[in-house]
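Look for chain A in each of the two complexes below; its partner is chain B in the first and chain C in the second.
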Partner chain A sequence: MSYRIVHYINQFFAGIGGEEKADYKPEAREGVVGPGQALNAAFKGRAEIVGTVICGDSYFAEHMAEASAEILEMIRKFSPDAVIAGPAFNAGRYGTASGAVLELVSRELKIPVVGGMYPENPGVELYRKSAYIVRTSDSARGMGPAVQGMAALALKLLDGEKIGTPEEEGYIERGLRKNIFLDKVGGERAAEMLARKLRGEPFKTEYPMPVFDRVAPNPPILDMKKAVVALVTSGGIVPKGNPDHIEASSATHYGEYSLEGVLTADADHYETAHGGYDPTYANKDPNRVLPVDVLRQLEKEGVIGKLHEKYYSTVGNGTSVANAKRFGEEIVGKLKKDGVDAVIVTST
Partner chain B sequence: MKEIERGGIPVVHVCTIVPISQTVGANRIVPAVAIPHPLGDPTRTHEEEVQIRRNLVLKALKALGTEVHEQTVFTD
Partner chain C sequence: MKLELHKMQIKSMAWGAKTGVKDGVLSVCKEDVLSLVKTDPNFLKVEVDLALPGDKTRIIPVKDVVEPRCKLEGKNGIFPGMISDVETVGYGKTLVLEGAAVVTCGKVVGFQEGIIDMSGPAADYTPFAHTCNLVLVVDPVEGLERHDYEASLRIAGLKVAEFLAKSAAGMPADSVEAYEAKPLKEAMTDYPGLPKVAYLYMLQSQGLLHDTYVYGVDAKKILPTLINFTEVFDGAIVSGNCVSACDKNSTYYHLNNPIIKAMAARHGKDYNFVGVIITNENVTLADKKRSSSYAVKLAQTLGVDGLLISEEGFGNPDADLIMNCRKAENAGIRTVLVTDEYAGRDGASQSLADAAKEADAVVTAGNANEIIILPAMEKVIGYPTYADVIAGGFQGSLRQDGSIEVELQAITGATSELGFTRISAITI
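Presenting the complex of A and B:
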């Protein structure tokens, strides 16, 4: 008898549509949909996808509690032995939804769960402790190895086999500690490691220090009436025609644009370059992402001192952390030079 | 956003998916309307929409004027 698997995927991989369908409500279908076929093939008859649950990425993100509960019930009805979600690659909302579903299933149904994501997917940091997340490439070009890894790990978990280290099994480190016995005591191993380090040889720590990149909050603005406030967005609002050719995804640069004399970010002069959400609403009224109109009002009323005469924009859609960090460092240097007191960052 | 904070300017993040903002490390967070229109609502009239946007921006300014010691979500 083969194991019963339920597969969770988003509206895109279900073939329902792209961003214009991202508000698609949860739906259960019998059998395989989309990437489930490749997963089924990778199971080689040992497990079978009996049902697929689909949900739009934006719908899930905007209705997390209701959507999770509904999806859990849909999954429960298939009486699965395990649940697989994704692979979500570097899609942030999809990764977050996959992780949330897997966490809930693991807690409520107490069955094995496996996801698949690129290590920079925000779903990893949120859910790696709750689920095995197989390390994948950043885009669907890596579908083949991703489903192979996910299927293999799922079968191992279903068989009750011992799961090896993240490197051995290809999943992302979960931050869990396991006691194991080794021939050499800790002191001896540490001394060997130190000796290797001193000789300039490669060595591997047994306990990597967690990296918490947190920044302490800055003191508040005491007198907003005198403050120069700047707008920065990852929602991709650019002057019409996207003069700097900011990429629709995986942006490698940002734009700096003048707001001098601009009273509103209207549709005649602005648009979005973002490829990761339905652009209809932002293109119809770009103030919905870059609120120039109300900031001009508040400036006129004296609520703020001044709206900074430049704004900065990039596309936060699979953009690498390294690039985003560089944009931020450069932008803050410019803002400080221009005497900006406070910043509003908007994201889609 | 975090680099702007690190650079010494107080920053507020107006966004819809609050858990992602928290994971990334924003200190002042204002939840927005929806992913494709964080500061607007196309189902409303233009006047109502501007009012919604104005309230969100005022909330963001209030967050910038509030002393915080840890990640804070400004819900009202």
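Presenting the complex of A and C:
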């Protein structure tokens, strides 16, 4: 008996269309579609793709909660033993969508899941802890080795075999710490490492320290009376209705909103999209997180030159460092271009 | 300062009419042990039991483990400032009953921990599954202050350990190990071609059950200072019992500090091991700054090129570890750190509460949050219902069938930051 596999792909690899079809809604089809063919061949009869679930990348990004629920149901109906998504290569939204699907399947159906991505795909940083993601090339030219690796890892997981290191198995390091037993006790390993370090010989630390970016503060502004001050928040204050659908957690984007003519961030027009804190007080008076009222007052009093006419908002709840860094770089670029002198960054 | 460790190998332990060693078997007269411990008016009830390697026995909650040792030659006794005078130790001859251990159990505070399984999967994680253990289970008199209970329990374990060793004094040892901690004048000029190194030995000092004693002095009251490693072998450093059992150094671990042994073994070959600096891990920022600066200053005074630093405990002491590392590296002293990790049950979280780019050489004793399932045992010594409230255990961790689901954190000595075990961790 062979294992039952469900394959998740996007509209492009399903042959439906490119960017113009990226709003394609979730659809389930029996059997293989597109790259499923190669995947099936790589299983050599030990597993078979019984169904394929397709979704447009933009549709998934814009309707994440809805699309996820729908896709999960479609997958569940095929009663799979494992789910494979992609390979997504370096396609960012495809990688993010397939990672999200794999995370959901793993959590809800508790079956093995395997993805395939280029290491720099943003989906890797977001989902490598939740799913095995096989390392692929950056484009579909690497389809052959990608599906071979994904099929092999999926079979190993299905057989309940011990999974080796990222190097041995070809998956991207998941960032999970796992205990092992070595030949020597820790005291001896440390004494030896010290000898090597002092001799200038190569040694391998057993715990690579995470590196935190430290930002040196800029010199203070000499004349605040002329300064243009902007507001940026990770507290999730958005115009009512959350027009850009910023996620309640693990945000993948941020919003840019006009403050022209806005005197206060009142509850009739603003709310928080943040899912990581009790929103009661922020929703009652969004100025508590995005202090537009106070800054307008300071503007009036002449303490500051001017409140910048746009503000930027995202949700800092479980948001990956990689995404947060990208948001920051992009927002800073825009603020600089607009001639902003100072920024007040608020959290929750 | 020269010290000889006269080691007798203990292969088994049994009750007997008289306490003594014969053919590798340590016979213990129960009455002798009971009467020795019962002299403390703080104890309401004392029980003693045996737990041998391979037994289907669980000991819980373990507070400390002590190796039986006594002085054969030298002016003072073992465990100075505790059960002997405060005079200097670390020279002469010391008898060691290797393979034997005294294990103490008690309900000192509400949250208890420390599990030793003599067989099964947890036996791979604790060296005390492989020693012949005399277990003391000691209940306090009603109304006794927790600090007083802790102190009495600590002394009881040390007294019994010395008593057991003394019963074999005068008998021929199976092996003799000779150690020498040289005066600085000589140590500094030895092996001129080799780099000089020291060991920075961090002692936990965060409060009740997170304490350590040096010659009877609470380590939170010391400034960093020098100690000869032979003094450590004679019990100059004693554990103030434990809550977090996996990485609190038991007295047994101090007596057998594997870092000291490994550095001593490389002395004259890879480097010139000139000395040991002890420091503490107090909870206030001022203390942390003072102790780390003072310890690194001592290392600079010794003129060392390298410093091996071991942490004790986790969380708050991570800050001390990183301060020690950063200050030493910035002073041009190369460091290697020994720690353990709290990366969450799935291993996905950041392992330490602090980090530094200077900490580029780290030995880890594993992720203490990793889950282990302990099967039911035929016999439980101590208080089995405590599995539910031990750090590293959680509600419902003691299952109906007697098995326990816990984090490694609950296993005595499992993630030793003195590097006692072979455990490590990798990133997958």
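Descriptive notes on the structure:
In the analysis below, the second predicted complex is superposed on the first by the 188 of 348 C-alpha atoms of A that agree within 3 Å, B and C clash if a C-alpha of one lies under 4 Å from a C-alpha of the other, contacts with A are read in each partner's own complex, and residues count from 1 in each chain.
As a working rule, contacts are C-beta pairs under 8 Å (C-beta built on N, C-alpha and C of every residue); 3 or more make two chains touch, one makes a residue touch a chain.
Note that the structure is predicted; figures quoted are calculated from it, not measured.
Judged by the touch definition given at the top, the superposed model places A:A191 against chain C, while chain B stays out of reach. Comparing chain B with chain C, more residues of chain A are touched by B.
Touch criterion met: A:L298 reaches chain B, while chain C stays clear of it. In the superposition on chain A, contact of A:A41 is made with neither chain B nor chain C.
Contacts of A:P217 after superposition: chain B is touched, whereas chain C is not reached.
Of the two partner chains, neither chain B nor chain C is touched by A:L263.
By the touch criterion stated above, chain B contacts chain A in their complex at residues 1-17, 19-21, 23-28, 32, 34-40, 42, 49-50, 53-54, 56-58, 60-61, 64-70, 72.
Residue ranges of chain A in contact with chain C, taken from their complex: 129, 163, 165-166, 173-195, 197-199, 203, 205-212.
Partner chain A is touched in their complex by these residues of chain C: 124, 195, 197, 257-263, 265-266, 270-271, 305-306, 308, 310, 334, 336-339, 341, 343, 346-348, 350-352, 355-357, 359-367, 370, 408, 416-428.
The touching residues of chain A, when paired with chain B in their complex, are 19, 22, 58, 61-62, 92-93, 96, 122, 125-126, 213-222, 224, 227, 229, 232, 235, 277-282, 284-285, 287-289, 291, 293-295, 297-298, 303-304, 325, 327-329, 331-333, 335-336, 340-348.
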